[in-house]
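Structure, as structure tokens:
So that you can tell them apart, the chains are marked A, B, C and D in the order they are listed, and the count of residues begins at 1 in each.
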Amino acid sequence: MRNRFFLWILFLSGAVLFVFTLIAAYREIAPEWKRYQAQYKEQIIKLAKDDATKKKAKELVPAVQQIYLGTLNRIDRCMSCHMGVENPMMANAKLPLKQHSGDYLKNHPPDKFGCTVCHYGQGRATNKKEAHAATRDTHWDFPTIPLKYIQSSCTQCHDYEMLSAKGYDNIAKGAKLFMEKGCRGCHKLNGIGGALGKKLDVVGSQPIAYFPMRFVEGDRNTYNWHKQHFTDPRALVPESEMKINVKPEETDLLATYVLSLRAGEMPKDYRRIKGTQTVEKPDEGEALYRMFCIACHTTGKDSYFDEIFNRTIPAIMKPAFLKTADEKYIKKVVEDGRAGTQMTSWKATAGGLTGVEINNLIAYITKDRPSAKPERFDFAGFKTDLKRGEELYNIRCALCHGKKGQGGEGFLGLNLRNPVVQGADPEFLAITVRDGRSETSMPPFGKKGVGFTDRDIADVVSYVKTMSKKK
Amino acid sequence: MSNETHEKTGMSRRDFLGLASLGAAVISSLTVLAGTFRMFKANVRYEESTKFKIGKAEEFPAGTVKKLDDKGVFILSKDDGIYAISAICTHLGCIVNQVDWGFQCPCHGSRYNEHGKVIGGPAPRSLEWLEISEAVDGSLEVDTAKSVPVGTKLKLYA
Amino acid sequence: MNELKQSGIDVFKHNIKSLLGSFAGSFLRSGKPTSDKSRAAAMFNNFFLHVQGVKTHINTLRPTYTLGLGLISFFLLIITVISGVLLMVYYSPSIEHGYTSVKDINYVVFAGKLIRNVHKWAGEGMIIFVLLHMARVFYTSSYKQGREFNWVVGIVLLILTFGINLSGYMLPWDQLSYWALVIVANIIQSPKEITDSLGITKFFDVGVFSKELFLGGLTAGKESLTRVYLLHIMLLPIFLFIFLGVHFWRIRKDGGLTKPDVFEPKPIDAGLAALPEKRGGIFPTNKTYGLMELAHGRTPVVDRDVENTVLSWPNLLIAEAALFVLCLAGVIAYSFFIDAPLKELANPMIPENPAKAPWYFLGLQELLSYSAFMGGVGLPGLALLGLALIPYLDKEPYHVGIWFSNKQGKRIALESLVVSTIVIIGLLAFVINFGWFRNWWPNVPQMLITLINPGNIWVGFMIVWSLYVIKRTGSTRMGAIALFTMFLISFLIYTYVGTELRGPNWDFFWSKSQWPIH
Amino acid sequence: MKVKIFVLSIILLISQQTGNAFGAEAKKNDPGKKVYEERCQICHGAKGDGKGLVGVMKRSEKTGRMINVEARDFTLAVFRFRSTSTGCLPVNEDFISLINKGIPRSFMPSHKDQLSMEEKKALAEYIKTFSTRWKEEEPCKSIPVKKPRWVGSRSSVEKGKKIYKEMKCWECHGDDGKGKGPKSDTIKDDWGKPIVPFDFTTGATKMGDAPENVYTAYTTGLDGTGMPSYEDSLKEDERWHLVSYTLKLMGKVK
């Protein structure tokens, strides 16, 4: 009995092994792409007009079709299924055998460019699921790119002018939007821009895991993420501070643009760049304002409390502000930023703006400066009483600026603890307290408003100037 | 040997089960082995394709001789057509040079005439003529993996 | 002359006819195994077969005794080695091409995906079967009566099995590999926790030193892959095969597999070729171990074969062949349906969340989340030491070769199973719900956590409980059963928790479907 | 009455122009008035009409929508955050709890620690002087709130969702609770200002975001705004179900 038991095991497992080896071998010799190649052969034979073509088609042997691109460090096997991509006879065929649309392949022969350099997808894969890599279980970071974003691939070799001239202007439009919507107020590109957001230099070639995909609708890939993120940043990243002000149709353009920001450069003999390709900063004040400031300060005419930043964003182009604030003060704010708030430092070593550009920018901001000077305030003439100042502050100012002068966090007033306010000329602060900022929520505290005497004001200002030392 | 032991041992009875299981084991192991050997044959090559484009026909007016160093091919154009001769010496695979009277191999002194026919040295065969054809986009294509009979030229209509 | 010539040709013809047979005979050295003598000779004359005895005890051939676990482990090793050699044909160990070469093995190599799966699953199967084999050896008291050293060799083999599996895990250079490598490097670095607490790091930083030795640098990169590859295909396999040789040789020298002192063949054993029969005589047993019983015919004294053994050829060989084909078929069938994972290309900037070691180390990773040193070095070291010491601390010479020794053993095993399950799950539930020292007193010194953490408490409990069992039953064997059972159960539970119930940020989740998707 | 208020406001105006910031020299020794002048007047105005010096405050929501926040006008004596039935005046406790908590998201700060209990009570009394309604009507009784245990349970959320649909909450607050229902652009409050329906997904209601507060809002309604009282149209349990669903929209229960 015992030996028979072992013999039965031997027999049965031998049979199982044999069967599975055969099935596995069949799976190896009859892959998905062979089916398409057989269809291709059949269709070519049917469509052939002359005998030579027919003969050639009959000689077709199924094999993995691959394009080896040494300099691009790619291997593309897409044509194992997409057999007819270069064949005009297949113009009316169905996918995957259909000929490539348009005449792109004339100047971009597949044997030099391959497929994935424009279309993405996994070139090495030999089955549809993994080659197109649409689902996350394929673990490929760059699924085939939807055609509406395909222009992001063109900029690897071409400049915007050439593309726009040929009618492919999504990318240039996207770049323009990027320039004008103030994206660089928070995001650095080529080293220039604010520090609030992430650097965008290679955002187009970041792997999927770089992006929080949790709330993305539809396929969880980079393309959908960008599109939906431009539609509503907080729907994807609840804690995001990103401010976005674009029309729905503009999201695709912006997505195309950011997807074109890729790591690595094409080899020299592929590149055809003559004109501009990157968004370089213009140096007129208005353009600079649009590129760096507009996302937060909008028109600059309104001060408003922003729920995203959780603080009030001042109206920097309002005459009431410009009347009291001199150029030196504004320059200091622009160059050093306001520590403790979202306002970035813009000097060359931080935000990356040159002195000339900052001057141009300030010239633009201050263009509506009224000619009338504010009435002077003789701050030095008062012997100030800090204790009284504190009492006054706690009752009248703390309502909006907070007890510690911190501002933000639900308080309507600005942060008074930051170095810019602390380092400002006390006379400037006193005038601000006295006259308020008309059309904003800062009321005049002088005699015509709340009823502070000049002495009250001097006391409060001197107290405010000591606030950074308070914990 | 003796019959006694034959009766006594299970294996020597060669019952059906023993044979069948031994057969199953051997056959299935052989199948696995066969698949294993097949695995060594690569399905793809990690090198440039043997088929490559050399440009439009206009770039090769009659009388042109062009050596493509990286591919090891001579492209020659005559009045009656264009043809490609392999630059790989048939002796041990060196690259031949073009000289007045044809081709000369620098390694072991094989000599070929202008049609690639071997005329001296250790080379066993003449240089191969390679298939040259017109691709869909109108440019010429050479395939180093496909040889054609000596004298096959592609007629140009231009 | 003519006649001679004629006969010479005939001889030659005859030689050609019998070529196959005579080659087989020369191969086996003693001709076709048709008699007991030649069968015996076939075994002891063969380079590969003579590591096994000429005769095999019937108990050894009983599937219910050995369950074939040791052999399965060995056959899985053979399968792994062969498939590994095949993979080496296409794999290239560099961070530039490693990942793409694995992709190409999946996509364009003939049966490449299957072979990679086979390699992976056979390798990981080894871990399971080596552990099961160890459990079998333990529960049948097979570490006794001269087999003490072989038990220790077995533990070395267990460590090597873990090591080879782990190093192989790193080679595809995908996200799983990279972050497992990072984790392992940090486990290796974990003695720093102790040296830091003692304040001697600045004199001799043993943690960072060994980490650098392993990675070839301070971070995982090009050099690390080369080193891991070397470990995987050269160093560890060499040691594995050396120790395996010793292991097999010692089985033979230590008298084959264990068997009960009192053994009676059952009717079911009747199917064995040449079952020894008792045909009367004066003495009840025959203890001649000379060459005599190999001689043709009956033994002159009692007319009986050596006690309860049968010839290895063919009995043992059939069993082995059956087991081998069973292993191969099992592995291939499993590999046919389940693919070895391959994630995105390694990216040092984007950690996997959770960054998990391979499953067989997730039990350790759970302990690691309490204290890196204790979980990574201290407790595993202690556990292995404890396992190695078992045969030297439990020397009771009875009940060898019987599962669980006796009724009491079964009861103790069951009792330990229940107790350890309750205690571990209790500890886990406590930690998951209430945290540990650091959550209560953020400034608690690391040394205190290293010394007192749930892992240590569990190990302490194991020791105390085993001592209690020894005291209660008066038998060291019972204590050993309790200890080993608890070790197995904790390995099982901790591995399960680490694999299935721990999600991003090492938080607790009831199932993977509750993980926040990233 | 009217004459009295007129005289009072004249006095106030004068005192404002001549007195100093402390208001310590206020004519009447009314602590409520003193506190009001010091802390409230800057937004709510000397006459309690909500036209203080600070004026309209602009607030940009997370969705990018700009809303205007205006100080409450006390002269109509219509209050949103009460514990009494709709149409009723609030009780003193309502004033005090509001002074204590402030109103999140509309810059009304908490005065819990700044004022003593007497001052708070006096302040409430002082605010009552801005409208004649306080003389003519009596405040109703507070509606008791007792939270059932099942609030926030899954079945309760489901029932609440149904009620949300049936009671047409979505017309203003939107199907997804983001305040973008079909009617949301057109509605106006009693003072003629456009109303911004609440976006539940932001999670912080002005009344406080405990389930009890939400329940009170549904029971009493927010007088003066388009938010009606459901005290009569829904049973108590149904209102609690609605609270459950609201908690879900706020992301406080799963």
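The rule is short, and it goes like this: a contact is a pair of C-beta atoms (placed from the backbone, for glycine too) under 8 Å apart; a residue touches a chain by one contact, two chains touch by 3 or more.
Note that the structure is a prediction, hence the values are computed from the model and not measured.
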{"item": "Path length in the contact graph (subunit B to subunit D, fewest steps)", "value": "2"}
{"item": "Cα-centroid distance, subunit A relative to subunit B, in whole angstrom", "value": "51"}
{"item": "Euclidean distance of C-alpha centroids - subunit A vs subunit D, Å", "value": "40"}
{"item": "Rounded Å distance between subunit B and subunit C, as computed from the means of their C-alpha atoms", "value": "48"}
{"item": "For subunit B, residues contacting two or more additional chains", "value": "10, 21, 24-25, 28-29, 32, 35, 43-44"}
{"item": "Residues of subunit C engaged with two or more neighbouring chains", "value": "104, 108, 110-111, 271-273, 314, 321-322, 325, 328-329, 332"}
{"item": "Contact pairs between chains, per stated definition", "value": "A-B, A-C, A-D, B-C"}
{"item": "Complex contact set, residues of subunit A against subunit D", "value": "232, 234, 243-245, 302-308, 392, 395-396, 399-400, 410-412, 436, 441, 443-445, 449-453, 456"}
{"item": "Subunit A partner contacts - residues on subunit D that touch it in the complex", "value": "16-17, 19-21, 38-39, 42, 52-55, 57-64, 66, 104-105, 107, 109, 202"}
{"item": "In the complex, subunit C residues that touch subunit A", "value": "61-63, 100, 103-104, 107-108, 110-111, 114, 174-175, 267-273, 314-315, 318-319, 321-323, 325-326, 328-330, 332-333, 336, 342-345, 347, 349-350, 352, 516-518"}
{"item": "Complex contacts: residues of subunit B adjacent to subunit A", "value": "10, 17-18, 20-29, 31-32, 35, 43-49, 51-53, 136-137"}
{"item": "Contact footprint of subunit C on subunit A as seen in their complex", "value": "1-7, 9-10, 13-14, 16-17, 20-21, 23-25, 28, 64, 75, 77, 122, 124-127, 130, 139-141, 207-210, 212-214, 220"}
